[in-house]
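Here it is, the structure in full.
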């Protein structure tokens, strides 16, 4: 079943066409990769899905609901969570608090409830802390609970972002270069983690530069170049696509 | 119509003063991202220093008013610039790595300190500049009396602005200032001595403020120890209207603010003048959240 | 914790050994502390550069003054009304400007407080009495006891402060308070984590405004006369300084900040006309030595043992 | 946290030190703006009152005791003033002189009245201050309504028909402007302009341009001398010749300095007499002593009025041989008749000064103020 449908979406910045008429679908329960050379518009596509940018034209349908132009927080609430390419944690807050941010949208205590703290609010708060802790344990950061986010290693910061995203209880998890800055060992662990996430029934859409990782875990891959989709298919199909090979040759030199 | 044109020239005159002070604000902001609330008081210091020099050295008798004013203006600019450098060293440099608001509070403290020092040194009374230093003649254009001084005021403001603009755009130091304004870290990597650049900026900004101070003293004839606060606030508004950190923006913002004030007051109400100016500022910012010439920086996600 | 308890005990006994003047100084400190705590929600927790808090305070004070002098409604009944009106005003002015960033928001809030002051001076709607202000405001009365003397006001103000601290402390350590902190740290990440950033910014503004409205009510009944100069831009600056100097986001810091900013000029009275000069210099020095504020906020910690134990 | 407690105990310590000692002197308070916008007035008030106290002390003091003046800064702001008043009230003073602004004085009135301390204000002209029936409150300055009456009478007598009124939105200036406006309108005069300028600025050309367009016969400016000086100067620069009349807050020699003699020439203003204008011995002696001590002349009539307040209070103490507030208040209300620095001083039952004080002055070509 289709979970996310990106339909004829375009976006330009001051005359520069960043995303041009892109179409693709993500099926529920799969891992999909979005690849392409630097500046191909991958992150822009993510930002369009998550509501950080509004598309100039086209529609984005999530679980049968048109989410085009909704604000990011509403989209999160509907079940799309993300991580950022450049890590955006709450650096001066504790690891647990970072994950609690993700729990926020599944809680309901308002100003008055927070001030006067009736029983249900206390229970909700307790449950949230427990959930947050479980997510930390899930990504393997349970020892860092009260450490400040900025004191974590780069790889652990990426994991913390994933934990925060998972705490929003998403149906679709969008990972923007999750292995960026990770060493070989950490990347291996990440692959296992993504597998675990998938087992929880969460669909994953990711951008990644590490080709071996993409080829290993993605059931379907979409290739962008200059804001346009140039190929779509399984890892095998993509590897054999002449347009992709051409685009890649230029890209390899850049790296 | 005559009223309109007359008020327009009134607005441009006061606007050029705002613009001159706003230039200093905006330069400091551009490089340091600091709202220097003490800037208005540096302007007052300029006005008082100018008064002291005019009275005490007898330069006017020796070399004549125009030359004396020029010399004194340069002296004042130099001295106020030095005070600016000192201010940066003492009150802002230790806070460069701290939260931005810490420096704002430090600036407010410095402002209180400066205005009260002026009060203790010069007294709380209004001080009066010597008269008869400036020409008293008029130019009459289409039945409009425009005092020559007023044209001189505009002229001097524009010359100073133009010099600053050329300095920042055309010289090597200017390029370094612009580089430091965009990214201090990167500028440092390019071999720019950022500390030196900041000192230069803290010399030029206050020096222009000091020049504005002496001009206000000469033109309007009176100075007081609290005037810096009001002028400083107006200049801050002017800088924001134009897009803070942007040099042509400060000029534009100053002139626009002056004109809004005089036209708004003339056609709506004088008692509501400042409220009208603030209201227009708010509307401008709602429509253009970074001011008229400010760059819209879409935050990178 | 021991020091805080000691502090509260000494404070509440202080009317026994202080004269009326020092009690009144403490009253002023208390009023500014509540105001600064309400600003702390906006500036300290949410990180919105708000330098116009006196506007909300003014709305509260004038609401109380006008309704009390015209319709003789008792002061205490007017406290919720003042808070509500200040809150509504806060909502209306904050709504169009809430998306402005940093310094642009700062200048706009300065604009708001100045517009409010000028409107008060110009006797808007013929209600505010112009620059004369409004006089003859009654004293609050609690079940027959009229609060009049500085000692009585001391308990009135500081108990209100105590309640505020209690509620704000709970707010800080809950979903709402955390949301504000996330926004302060990184708006984009907060939005991306499912926090409705503009809604929470507005809520922070409105809540801060409501509390400032309450304080306006207390101030009006304490002074019995209010005039526009009590709500100038400068008052907003003082509140801003209290929060930043004390420690943005820290209740302890803000209270200590109020003691310093309101108390120090009183201690410096012996320097006569030089007192503000010394005060200005002291501000710079304190900021240089404690750039993060005198008492920066503590980070929230969660006990790991409890979490595992509850599994 | 340690800092917090250290500071708290520091404050407490200071509090304990500052308890009043038993009176060996007669203490008279002075509450005045030593800082803030009105600092110049307050600093003059301090000079004048201290000079007069010194004179009394060299003559042997009051009731065999020295007079001690305790000065507190009100910062020109009601909140600070209320604190200053509390502070003075706890220092065992007989009476207090001051303060300047009406709303500032108002914030202190109840505090002094409840502590039974005689208060003689010097610059607070708002009508309502003496309409509250406070027994211990007096003022040496006239009220707004009186000046308004004098101004309106003068404007009508001089045959002006088109009147522009300009104020500066301060309590005092606005009150006077509105008073005058309503009196003139009752008599059917045409008020062609009524608005406020923003004090503290330097450029009033916009408002003058609009004023000129309304073509008034006379402009009545009720604000203070710095703005009046600028208005006169910029009016001349515009080449506009219209009669300007000022309220008593323009009575300050610096007006001529700011405006320049050419521009100030012909300016009319209303004011109670300043010592410079009085032929009395008191006025002359005072001026000579002031000049000797401070090498300048007192700035405004308001500051001088604080001296009159001080003289009234000390005279009452001397005459009644008492420091009891009720005795003193009774004397001041009913018996006082003093030749002060600004003429005869007596108070009515409300505490207002008795007698028509206002005179009209004109500035001559040399910049001197000439009584009309």
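We call the chains A, B, C and D, going by the order they appear; numbering starts again at 1 in every chain.
In the analysis below, a contact is a pair of C-beta atoms (placed from the backbone, for glycine too) under 8 Å apart; a residue touches a chain by one contact, two chains touch by 3 or more.
Computed from a predicted model, the values in this text were never measured in an experiment.
**Student:** Which neighbours do subunit C and subunit D have in common?
**Tutor:** For subunit C paired with subunit D, the chains in contact with each are B, in label order.
**Student:** Just to be sure I understand: going only through chains that touch, what's the smallest number of steps from subunit B to subunit C?
**Tutor:** Counted as steps through touching chains, the separation is 1.
**Student:** A-C versus B-D: which has more C-beta pairs touching?
**Tutor:** A-C
**Student:** Considering only mean CA positions as chain centres, point out the chain farthest from subunit A.
**Tutor:** Using the mean of the C-alpha atoms as each chain's centre, the farthest one from subunit A is D.
**Student:** Please tell me the distance, in whole Å, between the geometric centres of subunit B and subunit D computed from their C-alpha atoms.
**Tutor:** The separation of the two C-alpha centroids amounts to 35 Å.
**Student:** Can you compute the centre-to-centre distance for subunit A and subunit B, using the mean CA position of each chain? Integer Å is fine.
**Tutor:** The answer is 48 Å.
**Student:** Distance between subunit A and subunit D based on Cα centroids, please, to the nearest Å.
**Tutor:** Each chain reduced to its C-alpha mean, subunit A and subunit D end up 71 Å apart.
**Student:** I'd like to verify one number: the distance from the centre of subunit A to the centre of subunit C, where each centre is the average of its C-alpha atoms, in whole angstrom.
**Tutor:** Subunit A and subunit C have C-alpha centres separated by 41 Å.
**Student:** Which positions in subunit B touch two or more other chains at once?
**Tutor:** 116, 119, 124, 269, 271, 274, 301
**Student:** Pull out every residue in subunit A that's touching 2 or more other chains.
**Tutor:** Residues 52, 84.
**Student:** Would you give the residues of subunit C that are in contact with at least 2 other chains, written as numbers and ranges?
**Tutor:** Residues 121-122, 188, 273, 276.
**Student:** Under the stated contact criterion, what part of subunit B meets subunit D in this complex?
**Tutor:** Those in contact with subunit D are residues 3, 6-7, 10-11, 13-14, 17, 116, 119, 123-126, 128, 131, 136, 138, 145, 147, 149, 216, 219-222, 224-227, 230, 261-262, 265-266, 269-271, 273-274.
**Student:** Please give the residue numbers of subunit C that touch subunit D in the complex, ascending.
**Tutor:** Per the stated touch rule, the residues are 3-4, 6-7, 10, 14, 17-22, 24-25, 28, 121-122, 130-133, 135, 150, 223-227, 229-230, 252, 256, 259-260, 263, 265-267, 269, 272-273, 275-276, 294-295.
**Student:** Can you tell me which positions in subunit D touch subunit C when the two form their complex?
**Tutor:** Interface residues on the subunit D side: 1-5, 7-8, 11-12, 14-16, 18-19, 34-35, 39, 43, 71-73, 76-80, 82-83, 86-87, 89-90, 102-103, 106-107, 110, 126, 128, 169-171, 174-175, 196.
**Student:** Which bits of subunit C are touching subunit B when the two form their complex?
**Tutor:** 43, 49, 96-97, 99-104, 106-108, 110-112, 114-115, 118-119, 121-122, 188, 233, 237, 240-241, 244-245, 248, 273-274, 276-277, 279-284, 287-288, 291-293
**Student:** How about subunit C: which of its residues touch subunit A in the complex?
**Tutor:** Result: residues 167, 170-171, 174-179, 181-182, 185-186, 188-197, 203, 207, 299-302, 304, 307, 310 of subunit C touch subunit A.
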